[in-house]
Structures are given as C-alpha cells and as structure tokens.
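Each of the next two complexes has subunit A plus one other chain: subunit B in the first, subunit C in the second.
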Partner chain A sequence: MGQANSQLTNEELQDYQDLTYFTKKEVLFAHQKFKTLAPEKVGHNKNAKLPMAKILLYPELSVNPFGERICKVFSSSQDGDCTFEDFLDMMSVFSESAPKSVKAEHAFRIFDFDGDDMLGVSDLKQVIQKLTGENKISENDLNILVQNILEEADLDDDGALSFAEFEHIIDRSSDFLSSFRIRL
Partner chain B sequence: MSGGEKKKKATRSQGWEEAGSEFYQENYPGDRDIEVLWKDPKRLATLLPSKQTRAVAATIRLRTNDTRTNKSTVRRYTANRSRSRRDSATVQRRASTIGGEVQVSMLPDLSEMRSNEETAWDEIMKIKELPIPMWKKREEKAKIMSEQHLRLQGFEQFKWKRKKAWQHFTTRLTESYHKIELWRRDLKHIEGHFGTGVVAFFRFIKWLFFLNLSITLLVGAFVVFPAFYFDDRSINCELQPSTCYKQYYCNINSSSNLALSIIQGTGQLESTPLFYGYYQNKIHSYTLFNTNMYYNLPLAYILITLVLFLVSLIAIVRTGAKGFRERLVQGEGQFYQYSNLIFGGWDFCIHNEKSARIKHKALHSELKSLLEIERLEDERQSRTKQERWRIFFLRFLVNTIVLAVLVLSGCAIYFVFRYSNQHTETNKMLRLFYEFLPSMCIVALNITVPFIFQFLLSYEHYSPLVQIRMALIRTVFLRLASLIVFYFSMYSKIRCDSGGLNTSNECSNCAGRPDCWETFVGQQIYKLLLTDFAIQLGITFLVNFCRAFLARHINNRFFKFIGEQSFDLPKHALDVVYIQTLCWVGVFFAPIISVMSSLIFFVLFYVKKFACLVNSKPSGNVYRASKSTSMFMAVMLFSYPVALAPIALIISEIRPSSSCGPFQTLDTIWSLINNTFIDTPTLVQNFVNFLVTPAFTIPLFIILILLLYYYTSVNSANRHMVTVLKNQLVLEGHDKKFLIDRLLMFIKQENDKRARLANHMMDGDTITNASSIQS
Partner chain C sequence: MADSNSDSTSYSSLHNLYPSNYHQDNISQHSGDADQESLDNDYPSGYHHSIHRLSQLSNRGNLKKAFDARTGGTTRRNLGKNNQKGLLLEKHANIIVSKMEQDEALMEDSPDAEELRRTALRDMPQCLTIKRCVKVKLSKSVSQKSKRKHLSYWKMFKYRLSMSWTKLKINIRDLAYSFELWYGPLKKIEGNFGTGVASFFKFLRSLFLINLVIAIFSIGFITIPRTLVPKTIIQDAPAWGMEDLLSGEGYLTNTLLYYGFYTDENVSDNSVLSYSMPYAYFFTMLFIYFACFAVVGISAAKSYRRSFIETEGGLKNVFANKIFCGWDYNIATKDAAELKRKAIFNELRELIWDFTQSKHNETFHQKFLTRTIQFFMNLVILFMISGMAYAIWYFLNNVPTERSYKIIVAPLFINSVMALMPMFLSFLVKYEDYKSPKTALYVTLARTFLLGAVCVGVLAGYWLTSSSSTSCWETSLAQEFYRMIVWDFIISILLTALLDIVMYFFYKYLRKDVYLEFDIAWNTMQIIYNQTLFWVGLVFSPLLPVVVVIKLFLCWYIRFGIVMVLCKPSSKTWRAAQTSTWFLAMTFLSMILIGGLLGYIVSYIPVSKDCGPFRNYDYIYELVTEGVFRLKTNSSVWWVVLYATKPGVIALILIFLSAKVYYSKAQACAQKEIVEQCRNMLIWSAKDKEYYYALISRVTKGQWQYRFHDRAGNPEFYEPGDVNNDETAEPFEVPSTSKISSDIDPITKQYSRHKKYT
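After this line comes the complex of A and B, so read on.
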C-alpha cells in the first residue's frame, strides 16, 4: 500500500484521518479493502457507490446476521448502498480506537429495526432471531427472553428500551466493547 | 419491506436535505403525526423528549465544549432525527416556549468571538464522534477551517503546537506499533474462527511471553551479565582443589555427552551462568570514570528474585483488576446476563461461514441454557426433601472421591520420586529414564486425572456454569498438589537431619545431600519444564492431530467420538499457568529458566494455535472475553503463592549449600539482607525501625480501619440511593404513561367533537339546501 499509486489525494487523506479513528495508512488500507469488493468499479471511480450486495461481500459483514442493518445504518442514502466514505465511516466505528459511546450509538441504530428510536419488543425479537439463525427458538421461549431482557434493562418500565437505557446496558456489559469490533 | 417503512425512509432522506436549513426544528409531534399516532400510544411515547436522549446527550456533550459550530451540527442532527419536519413555522414559534435545550440554541452565539486555533482544532477532532455521514463531516470541517480564527499568542501558541505535535507523534507511534505488533495477524485469524473468548487466551499467552521477557531482561541485566562480565576464576583441576567451590567445580566437569547434559541440565551446563552454582559470593569492584565502584552480586541476586516476584504480582493485579471490578459490578444483584448476551453476543469479527454457523448454534444453546437454568432454579426450589438429600449425598460422595484421587496422585508422585532416587544405575539410558520418571509421572497424572473429574462431574447435577468452574478448580488443585508433592520430595532430599550431619567433610555438611543442592533443584525444575513442553508438543502434533485427522476423514461414529475435540479453554489455560508457576519457582535456582519459559511461551503460541485451528472444532461453549481474562488471572493469583512459598522458605530458613552459589558462607540468605541493612546509614535504619514500632503501626492501623469504615458506609449509601432512584424512575414511567393516556383520550374527544360538529354542519347544509330548494 504505497501512497504513490493511491487514488486518494493528500487532502482527502488528511480529512479522513481527522474525521475518522484511522491513521492515513489505515485509510489507504481500508480503500484497498473496499476496492477488492468491486475492483472494476472502484478502479474507475474511487468514490463509486456500491450496491448493498457488493458491500455484503466483505467477509465480516457477509456472515454477520446484522449485515444488512449495518449497511443501511451507514449508508448515506439510507438504502444500504455505500460509497467509500460510508464504508470508511463504518470501519471507523468498528475500529478498536472508537470510544464506547460512539459504538453504542451505532449499535442502537443497528438493533433498532423499525427505526422508531426505541428498542421495542419486536426489535428485540428480531435481534434474538437473527442471533440464533437457523436454530429456531420457540415463540414461548422468545417471549420469556424478551421479558427477561426488559426486566433487566427497562428501567422506566415502559416496555421498550430507550437509548439511555441501552447505553446503561452497554456500560455494564463487559463484552460489548470487545465484540463490537471489526479489524481492518 | 413494508410500505410504512419505505415512507419513513423517504422522510428521513428528506431530513438530510433539509438539514442545511438555518432554522432550528424541534422534534415535536406535528398535528398530522398525532393524527396518525393516536391509535398507537407506544408510538407517541417514542416522541417524548426523554426518548430523544441521544441527540440531547450529544448536544450537551458538545455544548460543554463551548463550540458553536458543533452546536449547529447537532442542531442539524436533531433536525434529522426529528419526525416532524413539516409545519416548520409553527414549530419554530413553539420552539421558544419549550425546554431550556431549545432556548440555548436560540440564543445568539457569544462563543463566536472566542474561537481560536485551538478550539477550532478541538472542534475538528470532535466531529468524528458525530453519527453523520462522511460528506457532512467534511463539510463541517471545511466550514470550521474556512472561518477566521484568532491566532494564539506566545505561550498559548507554544502549548497548542506542542499538543498538536504530540498528537501527531502518538498516531505515528501507534501506526508503527501496529506494524511490529507481535502475532497481530494470527490473533485476527483465530478471532475470525473462534471468537473473542478464545482470542483472550492467546492474548494471555502473549502477555505471559512479555512478562517472562521482562523477567529475563531483569535477571540478565542485573545478575547474569555482571556475573559473566566480572568472572575472573581460573581453576586448574590438576592441582589439589583447595576450596569447597573448587572441589565442586572440578567434580562436575567430568561428564561428557553434550546432548545428554542439555536435556538433563548437567555436565558442562552446570558450570555455566545458567544455574545457581555458577555464581560466586564476591563483591566485584571495578573503576568507572576513575572512581572505584562495587557490584554486590549476592545482594543483586536476592533482590532481583524479590523484585521479579513483585513485578509479576503487580502485572497480574493490574491486568486482573479490571475483570474483577466488572465481576463486582455484576455481582451486585444487577445481572445483565440476558442483555449482555443479546447485545454483546455476536462477535462482529467472525468472518467465515462455518464459525458463523457454530456461533449461531452456540448462542442458541446459551440462550437455551439460560432459560434452562431458570427452570432448574424453579425446580430446585420445588425439590422435595428426599431428592435434596439424594443430591447432597451424591455430591458428598463425588467430592470424597475427588479428594481421594488427589491424595492418591500425590502419593504416587512422592513414591515415584523416592523410587527413582534410590536407583543409581550404571546404564546411561536407564539412569536417564529414572531421572525423568518423576516428571513423566506428574505430567501423566495431569493428563489422565482431569478425565476422571470430568466423568464424575456428570453425577453432580450442577448448572453448566458451575460445572465449568468446578472442573477448573479441581484441576487447579491437582496441578498445584502435584507441585507441592514435588516440593516435599525435594525438601526431603535437601533437608539436613541432625543425624546425617557430617563433620568430617567441611564442604558438604550433610550426608546424602547433593553438593550444590540449589543447582540440583534447578535441574529438576528444568527437567520438569522440558518434559512438560515435550509432552505438550507430542500430544498436540502426534496424538490429537491423528485423532482430528481420523475424525475428519473417516465417516464413522466411533472415530468421530474419539477424534472430535473442542477447544477446552480452562484446560489449556491451566497448561500455560503451570508453566508460568514452574518459571517463578525455577528462576531462583536456575536463571536460565526465565529464558526457557519465554521461548516456550513463544513456541507454545504456535502450538496452541495449531491445536485450536487444526485439531479442534469451535466449542459449543460460549467463552466470553471478559470472563476468560478474569478466569486466567484468578488461576494465576491462585498459583502465585504456591510458587512464592518455597522461595520464601529457602530465603528465610534453609541453609544455602556451602560449596557453590552466591551465598556459600551464610547461614541463611536472609542474613545477607540483614547485614546490608545494618550497613545502611543510621538515618535510614532509624526510619525503618520507627516504621515497625507500635507508635507508628497502631495509628496507621486505626486510620486504615476508619477509611474502610468510611468507604463501606459511602458504598451502602450509594446503593440505597440507586434503589431509590430506580423506584423513582419506574414511578416516572408510570406517570408518563398515565399522562399519555390522558392526552390521547383528550385528542380523541377533540376529534370526536370536531367530527360531530362537521356532521352537524353537513346536516345543517343539507337542511339549508333542502329549504332553499323548497323555497
């Protein structure tokens, strides 16, 4: 990854370094990774917008049950298609040096399937179903699980988790920071 | 995707475009929203200001940083997120009447004047925290850059420049660190296959490697190098050896075979700096810059031993403290186990299909087991007395058996050790076999006995979590018990009975004791370490690899049963901790052991990686990173005293051998420290003496108790406060629900009234129409 054959200009690199949790080298590396998703397209236009299907080719995202949600949350056009900048945003949030608050913010948006700014019962059910994948969990168990989560975390007892409550969980969750991370 | 969502998306993207507008729009339900929402009270609840905390929190966070540009960012951000972007005029009018949040943003920006280079820079650094797309971030940055900033003057300027340079430097540093970081790729690879819990184990190996490396450096710099550098002995064994050391030295040089001496640590190796026996009790003098300096090697030797124990303890506590603190937080009756599993369960770093599938399965089984535990708990509560007695009896029985097995294995080690020492064969191979017999016995027990424990565990009806813990505790006991038996057998060998006192030979004052018993102990540990490592290699590459190979290529249930293996984290962790314990004990007797254990850990990383990636399939157990790390540190803390105890005993009680080593002439090693203390200036002596008088210790003790009392009472008060606040929160939530219900009822009434009015009007219209027609 030399700077000489890079498609990014120096100012852009400086911008990206200032505006993400990456160094210049890492930005270049990220661009390379982005390029491998669609070499032709990105070769022509470094800021090409790749459809969600292409972004989901990224190995970590392809097997991630929340892959589509992630793309949608980070896509600036809201439909899952990502430009390099969106991709960089995504990787920056998932990087090791991003603070907990930033990660929590995005995690909340990822888990918020219906986009109503609350993690309601349906959101939680979807999260659990995505987590277990093909292994089905019975409706009854699902209800018990959701009930247990709400019992633990729903501080004001309104049947849904607001962001404040979510952040509170994340503060107490010992594994979130280490698991909500994609190495470049 | 439903139509509703599509619509919402449309409004959202609209929001992004509108964000450029200068007007502030509060997220406040517009009339049309309410009309849509009144059917579903939950939706209304989400529009409450308290539920918009993210935006508000972000505002507060940035506002406190006195940055006006950021505020506008957040303003936009809030606008983006608000649901009602229509009726901007009404909302604007309304905005002045709602909470302080809005009023603040309506105020003229006084901070505009205060902007300078430094704050601008800080602002730019803050942009990355905002959840907005990159092109917006860039816009923000460009805006800040284009504005006029006050130039900082004088010292301020210097400070800022330095800050900026420092930041640059640190990014450079991390960049280059990433480049040279050890095993970075391997770790990522393992993480992708096995998740963060298993990677925590490999990080632990890495951590141990660095710990041992620093121990090696300490020992190397302060003990081995000086001893080697100042080495001025010239011993001619042709002549009659005059001192005890010379006698000993000439005796060992007789052995010949190099390979044998390398695996046994005898022969030529024995007289090198690798073992205790090499070091002399000399205070070396040298001249540096024309001044005479002294290097007290014996003192350095003992101090370094103490220091490295201290360093290790600090390292363990520091690394473990975080995990323990989390444990404490979680232990306060506040269990977030479900939320933790749901929101932190998926390892986002998993990158291949197979592991993802297994992770799905593991999470599924974990969720199931959580539910199962709950059910078991219910069951346990409703257990009959008879059943309870049965289980109690069973557990008692199993624990007795476990204890018996532990004692038996202890005895076995002891007898094997005695047996091997009684045999002094002339045949070289046979002698080698007998010498290695104890080590092999210990290692064999370490491998077989855990299987028995595992088997017994199934009869005890513990919950899965407790099962893992029990297995771990018992295996730790086994390892440490075998180590303790090893100590005892060593002690019986080097102990000096009054009956065995040999006055005829001034050099070895005990019959049957090796000439230089410290070196002898060092050699035993050296052998133990080598055997353990060799067996690790053998088991991983020969036995387990063949098993995995069979299981993979022969589709037979039997082979699958014996061949398939999961990566059993606690067992592997114990392997590693055991080596570290041996290293701690061994360094005193043979400084070489620190180098050896560093090397072993380095190789072991690859061995375990092979065991993990090639031999085993991902485990069905969900190992979590935080839990594993604190588990490792707990086991380390457990084995630390076991390593420290014999060293403490040797330093304080046992007479060092008189024919070798840096303490040849002393009664005990501790007397050296005592002598050194007496040689220090009286001021220091008085000070230390004062520290141990009651005049100092009793007040100190009282102060500590008072502090303890203070902190516990603060703690309990805080805990009380937490419960009070929690109750209040719930009450607030109920109030909110109540108010929303009232509001909805009101809206409904209004709507009904309006509808009735409209109907009425319509009726009126038709009546007038009819009358006009009539007329």
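After this line comes the complex of A and C, so read on.
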C-alpha cells in the first residue's frame, strides 16, 4: 500500500487480505490498534507476542466475560499470548464479513472451557456464571437452566452439546450474527 | 463420512489423553470407556461441516475427501489436541497441505482453482500463522506439480474479467472503509450502549446517505439545468424574511425549491443538442423513486430473510439462545458490561420463573376477558385515529383563509400528535395484557405507523381535492410538506432534546436514581415518518432532499449528544436483528403507499396550467404517452394501452400474481418439510452408525479382555491396533445376544425421543 509509517510489507498485506475477511486498509488499522496495546514492543517487532494481560487491555475484550477464553482460543500457543497474526485472526473472525459458520466454530471453542470438544454440563454452568457475573445465580436455577438448554438442543441425548448441535442453535438464531461481532 | 476412518483412528487415540475428565459429565446410557472412544460424535459435526463448506465450494467428487481437503482434514478444535501432543505448527501445516493436495480441483493451476484455494484457506478454522505457511507451500507445490493448462482466449478473457471484478470489489470496500461516515461515533455508541441503540443510528445513517444521493441527482439533473435558463423576472416578489424558512412561503414560493419555478423550455436552443426540462424532471424523479423502491425493497427482503426465514422452523431454542447469543461482544465499557450482566441475569430469572409457572393454564374466562379488552382497545384506537383524521380535515377546510395563521397551525398540530401519540399508545398497550413484550411492541409500532399514514394521507388528500381551486397546487402541496418537515424537526428533535435536558437536570436536582433511556422504537418511528413526508414532498420540490439531508445531519449530532451525555444503557435487551427488519418493512410499506399516491397523481389529477414543467399537458402521464411515444389518442396502440390499464385487467394480473405467490409458498413449505425429514434421517443414520460402532467395539473389547486375562499383563500397553494384528492367537469372545438386546434399549429410547421432536 506504500504507507510510509507502516511496518507491514506489501506481501504481508496481500497475504493478510487473502487469508482474512479484511481489506488492506483494515489490516493496517488493526495493526495500529495492536500497536496501541504495547507501543514499544510492537514498534520493535511488528509481530511481537504480547502476553494475555496486554491483549486484554483491548476495551471490548477487557469487559467481555469470555475475554480470557477468546485470547486462549485464538492464541497460536494456546496459552492466551497473542502475536499480531493471532490478533488479526481474532478481529477477522469477529468482523462483519465473516460468515456464520466460521463464527460458530470459534464460538464453540470459546464456550468449551475444558477443551473436550463437547459442551458438557460444567461448560454450560461456567458460561452462565460468567454471563451473569456478580449477580449470583442460585445452584437450583443453574440446574434448571442447564437442564432446559439440554432439553432444547441436545438432540442425541448424551448430556452434552456437540458442535453439530451447537451449530444448529446458531443457525436458528437471528441475533448471533449481530451480537458476535466486534467493530474494529 | 463413510471414510472418516483415516481421521478417526488418530482422533480416537487422541481421546486417550483424557482418561479421567473426558466426558466426565456424560450421562450417556452407554457404559465403558472403550465405547465412548468410538462414540465420539464426530459424525454429525462431520456432515454439518461438509454441507456447509461444500455448498460454498464445489459439489462434485467424493464429498468427504473434498471436505477433508478443504478444512485440512481437521478442525481448529482438533488442533488444540495436536498441540498438546507436541505437534509443531510447521508439522501441522504439512498435514493440511498433504490433505489439500489430494483434491484435484483445488490443485489446478487456474485462476478458478486459485480463488477456490483462497476461500478454502480463509474459511479454514486455523490460526493465521499456519494459514500463511500452508499458502506458501501450496503455491509451491501447485507450480511444481501441475503443468499449466492452455486456456482458450475466451476463457482467458472470462478469468481476467472475473479477477478484475473481485479486485474492484475489494478496492471499493477498501475505499468505502476509509470514507465510512461517522465511524468513530458509531463505535462509541456500540461500546457504551450495545447493538440495539446503534441500530437506530445505523438506520439514520443509511437514510442520510440515501437522501444525499437523491439530493445529488435532483440537483444535478433538475436544479442546475434550471439555473442555466434565463430567469423570468417576477413582479412583486415578496422580500426575504426569516419566517419564510419556517413557513416555506413568501420569498421561497418562487424559487428553485418548488415545482412551480421550473419551466417547460429547453435549456439549450441549439437544435442538435437540447435539454428538455419536462423530460429531465419526469425521468429524474422516476429514476429516483424506482431506485429508492429497489434499495429499500431489497434491503427489507434481505433483512427479512436473514432474521425470519433462515431462522424459522424446527425447535425454538429459547434458553440456548439466551446463553449463547446473549452477550453483546461490541460492549466496551465497564458500566455497560455491568448493566448487560444485570439484564441477562434478570432475563434468565424471568425465563426460569416462566418455566416453573407455565404449568397452570389460563382459564377460558381469563382468555375471553383479555381478548375482549384487546378488541375494544383496538376499536378505541381506530376511533381515535379516524377522529384525528376528521379533525385535521375539518380544520384544513374550515379555517378562514388568513394564511399566516392557518399554515403554521396545521403542521404544528399534526407533528405534535405524531410526537406524543406513540408515547400514549405505548402507555395504553401496557393495559392490554399482551403475552410477550415483543408482541406489545409490534402492536404499538403498527398503530403508530397507521397514525402516521393517516395523517400524511389526509394532508395529501386535502391538497389534491382542492387542486382545481388553487392556482399552482403542486407548489402548495410541496410547501405543505416542506412545512411539515421543518416543524417535525422543531418538535420531535429540538423540543424533545430540550425536554430530555430539562428532565435530566430535574432528576439530578431531585437526586433520584432515575436515568433517561434512549427510546429506540420512538426515535426510529420518527425518522420513518420524516422519510415518508419527504418522499411525498420530493415529487414537487427538487430541493427538498437538501433540506432533509441537513435535517438528518443535525438530527444525528443532537441525538448522539443526548445519548452520550444524558442516557444510560437500557436494562432490557433489544432484539436488534428482528426489530430492524420490522422498521425496514415499515419503510418499504410507506414507499408502496406513496407509490400508489403518486400513481394517482400522475394519472388522475389535472396539471396546473400556468406553472411548472408539465404545463403543456393535461395529465402528467401524457408526457410519456404523447411526448415520448407520440401516441395519438385514437391510434390502435393507444386503445391497447387504455385497455391494459383498465381495473379489470389489473385485477386479473393481481390475481395471477397472488396465485403464483401462493404456489411458491406452498412449494417452499413442502420443501421445508422434506429438508426436515432429511435432517432427521441423517441424525438417525448417525445414530445407527453409533450403535454399530458400539457393538463392534464391544466385540473387540471382549477379545481384548480375554487376552488380558490370559497374559495377566497391564492393559495400557496394548493399543487397539495391536489387537488386530494377531487375531489368530485367541478365540473370539462374542457377546451374548442378551447383552446386545440390553444395549438396544437405550438407543430405541433415543429414537422415540427424536420422533417426539419431529
């Protein structure tokens, strides 16, 4: 793009444009945002790996109940530390132009706390607890909620939601696309 | 799915990494760890994936193979496990590349395949570092392995065209991104108030942009050409006064603002090239209206499709939706997040309460009572609206013609009604006991819309019926709508903003913990009303778009300021997707009604004889029939046209169209049923497989246990693969039939459960 102040080369930009849902300008903008999280470190190395605490400074992630999960899901080292590429990947999935199926895939991973590829009872309970925050939801209510979710969505009756079942819910939801989105 | 074996062997061995906590909460009826290895539920996910990806990419060849190639044979979710096993990213990339290389369609050295590779890689749920690695390797192997096919010139041309088209699209998006209007404020609103409030501002922005484009067209093709014509000097033109801005009369009457000022002359006297004002006026307006109709119609249909059709049918996941789609990821401030948590908490509690309470049914008596109340309320509101319409009509007809008094009062009255009535209506609806707040909201919206439509209709009707007695009724009509728009600005934007400020300080003074909330429905209805006024007025006032653009521009900043400074996020969730569909649908409906009104004006209202570009014609439509096609009134073509537009013929066409719509609807319903059946069949066949896998593993497990007892060794040392290698060693222990039939039971139970759902 020939931006004088850009750290990214033309090929990298082209690559990023091909592999994400962003245009070159949006990639550059994302890099600026990434840089504001840790100006010095990123200034030295454009693809520096930032610790999760730094990534969580991003306003949308800092107040998000699943902020840490999101970082872990998108981190290429699985521990929540993100390079610029991981960050760009994250923003691309949360962007407006990412398709529902891709978003659903990542949402599933975010909600899958124990990483067993199923949303089990403990996963669901954790999701609800994170969502409601300090407003303590009683154990009894929690059980009723989980039981209802499973009754609605657990088609094969194994007491947990598989990805297919999860995607089925997402497919039928009109709100998911507008809510699972972060404006860059 | 049939050959997911290659994957599933490695996959199930991966599951051994989770001996203790894998499926710890699994209340499955199956027992034994070995069973669960094979029950790992990959089939449904597999078929869903493949359906999704393949529908986008290609539909030929071996489905699973193609799917494997495109997703790299593995999902991102599996990657986590691979990593835990210590697989490096590089290695993982190699796996994906080798999988992708198996697909021939993907590896061709043609622009089509290149595009396929690009989308496949982009949609692949892997991290970007791997994707880049894969991309480099793929392009290497593509250029090494496949020889370049010779392309015909025609194909070459097609590829070039499609490539440059994609490039152009990306460039346009790039450009649009850098010029996106009000990007910062919108992000701020989304961060502080969530998607609901932001949807109002987005709607406002898109109307602003539409009107801006209309303004450019109408100025470019109508107003500027008019300024090139030598001005006709008007005697006794009134002097300019500020009050003219509010009334739209006086000095403004004979300006570019209104129809009456435009002439029927040609702009250039050059006989070769001339610019005919009547044609320019007519066709520019026609184009504007059709373009608006198309834009609004398409976006309404799209939105409807997205939020109603695609999500319709099947089960209603009320609880799951609240949990999985409840959080608004746009929220970026602590306060907003806290409020959102509280809102979700309250909603969940409400849901639980509903769930525990819903056992008791309403008695017949109660039902009857609510229905009667609702019926009477509707009747009362209809009476109120028709009373209002009569009052306006009476007022317009019977007030003595001291104009200065009359002209201000009508818009003042109507706009006040339009600003206050919705609040009154939403107050009334609380006493009608509608089941869900959503229904109550839609009922209020429908009533508000009816009110607005009636007001606008009466106003337009008055000027059309008095068209014969007014000297230039087109200008008068346009003036009326100009006044309406200006006074709507003063009342529903300036005054309410002032009121909000007063209320805010009043609450602050009382030190009450009450905050203003932004009323999305009311605000959106106001701008829809404004847009309706504008679309009626536009036809006789080419400069009206400029007024409206300025109005919306100011409206944006006033509302933005009010929201950011005075308001708090709502404690209730706003279902942005569905409600904005309703708003779009209402805009479209108002567009259709206006279309009818304009059709009536064009074909049935005589044109004023001494003003405007159409003064040489009796009716506006004659411009097309006589001016463009030069049809004589008695020619045979004329008769055909005349008969084609008879009510009977049009009714016939309408009936035909309705039949067609009905047929398509029935077809769609039937197809939906088939899809549902197919889906169930897939689930069932997955269950079948699951069952057989369970049996097979039970069989192999029996043998394995047998061996284990013999050797008295440690079972962990034997891999399942090991067992298959020396089958000859031991006799095969077949589970007894009774054991199998006891296994069938839970599964048949599941079947019956599925049937219950369908």
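Here is the rule we go by: the second predicted complex is superposed on the first by the 182 of 184 C-alpha atoms of A that agree within 3 Å, B and C clash if a C-alpha of one lies under 4 Å from a C-alpha of the other, contacts with A are read in each partner's own complex, and residues count from 1 in each chain.
As a convention for this text, a residue touches a chain if its C-beta (ideal position, glycine included) is under 8 Å from a C-beta of that chain, and two chains touch if they have at least 3 such contacts.
Quick caveat: nothing in here was measured; it's all calculated off a predicted structure.
Novice: Evaluate whether subunit B and subunit C can sit on subunit A together after superposition, giving fit or clash.
Specialist: By the criteria stated at the top, subunit C and subunit B clash after superposition.
Novice: Taking the superposition as given, does A:D157 touch the first partner, subunit B, the second, subunit C, both, or neither?
Specialist: Both subunit B and subunit C are touched by A:D157.
Novice: Touch test for A:D79: subunit B only (first), subunit C only (second), both, or neither?
Specialist: A:D79 sits against subunit B, while subunit C stays out of touch.
Novice: Does the superposition put A:T36 against subunit B (first), subunit C (second), both, or neither?
Specialist: A:T36 sits against neither subunit B nor subunit C.
Novice: Could you say whether A:S122 touches subunit B, subunit C, both of them, or neither, answering first, second, both or neither?
Specialist: A:S122 contacts subunit C only, not subunit B.
Novice: Now for A:I137: first (subunit B), second (subunit C), both, or neither, which partner does it touch?
Specialist: Touch partners of A:I137: subunit B and subunit C.
Novice: For A:D112, decide between first (touching subunit B), second (touching subunit C), both and neither.
Specialist: second
Novice: Check the residue A:N10 against both partner chains and state whether it touches subunit B (first), subunit C (second), both, or neither.
Specialist: neither
Novice: Would you mind listing the overlap between the subunit B footprint and the subunit C footprint on subunit A?
Specialist: 15-21, 23, 25-26, 59-60, 62-66, 74, 76, 78, 83, 85-86, 88-89, 94, 99, 101-102, 105-109, 111, 114-118, 120, 124, 127-128, 131-135, 137, 141, 144-145, 148-149, 152-153, 155-160, 162-164, 166, 169-170, 172-176, 178-183
Novice: Within their complex, state which residues of subunit A touch subunit B.
Specialist: 15-21, 23, 25-26, 59-60, 62-66, 74, 76-79, 83, 85-86, 88-89, 92, 94, 97, 99, 101-102, 105-109, 111, 114-118, 120, 124, 127-128, 131-135, 137, 141, 144-145, 148-149, 152-153, 155-160, 162-164, 166, 169-170, 172-176, 178-183
Novice: Subunit A touches which residues of subunit B in the complex?
Specialist: Residue list for subunit B touching subunit A: 5, 8-9, 12-13, 16, 42-43, 45-46, 50-54, 57, 81, 124-125, 127-129, 131, 133-135, 137-138, 141, 171, 174-175, 188, 191-192, 195-196, 200, 323, 326, 329-330, 334-340, 342-353, 355-357, 360-361, 363-364, 367-368, 370-371, 374, 624-627, 726, 729-730, 732-734, 736-737.
Novice: So in the complex, the part of subunit A that touches subunit C is made up of which residues?
Specialist: 15-21, 23-26, 59-60, 62-66, 74, 76, 78, 83, 85-86, 88-89, 94, 99, 101-102, 105-109, 111-112, 114-118, 120-122, 124, 127-128, 131-135, 137, 141, 144-145, 148-149, 152-153, 155-160, 162-183
Novice: How about subunit C: which of its residues touch subunit A in the complex?
Specialist: Touching subunit A: residues 18, 21-28, 39-41, 44-45, 47-48, 52-53, 75-78, 80-81, 83-84, 89, 118, 121-123, 125, 127-132, 135, 170, 173-174, 177-178, 186-187, 190-191, 195, 306-308, 310-311, 313-321, 323-334, 336-338, 341-342, 344-345, 348-349, 351-352, 355-356, 575-578, 683, 686-687, 690, 750, 753-754, 757 of subunit C.
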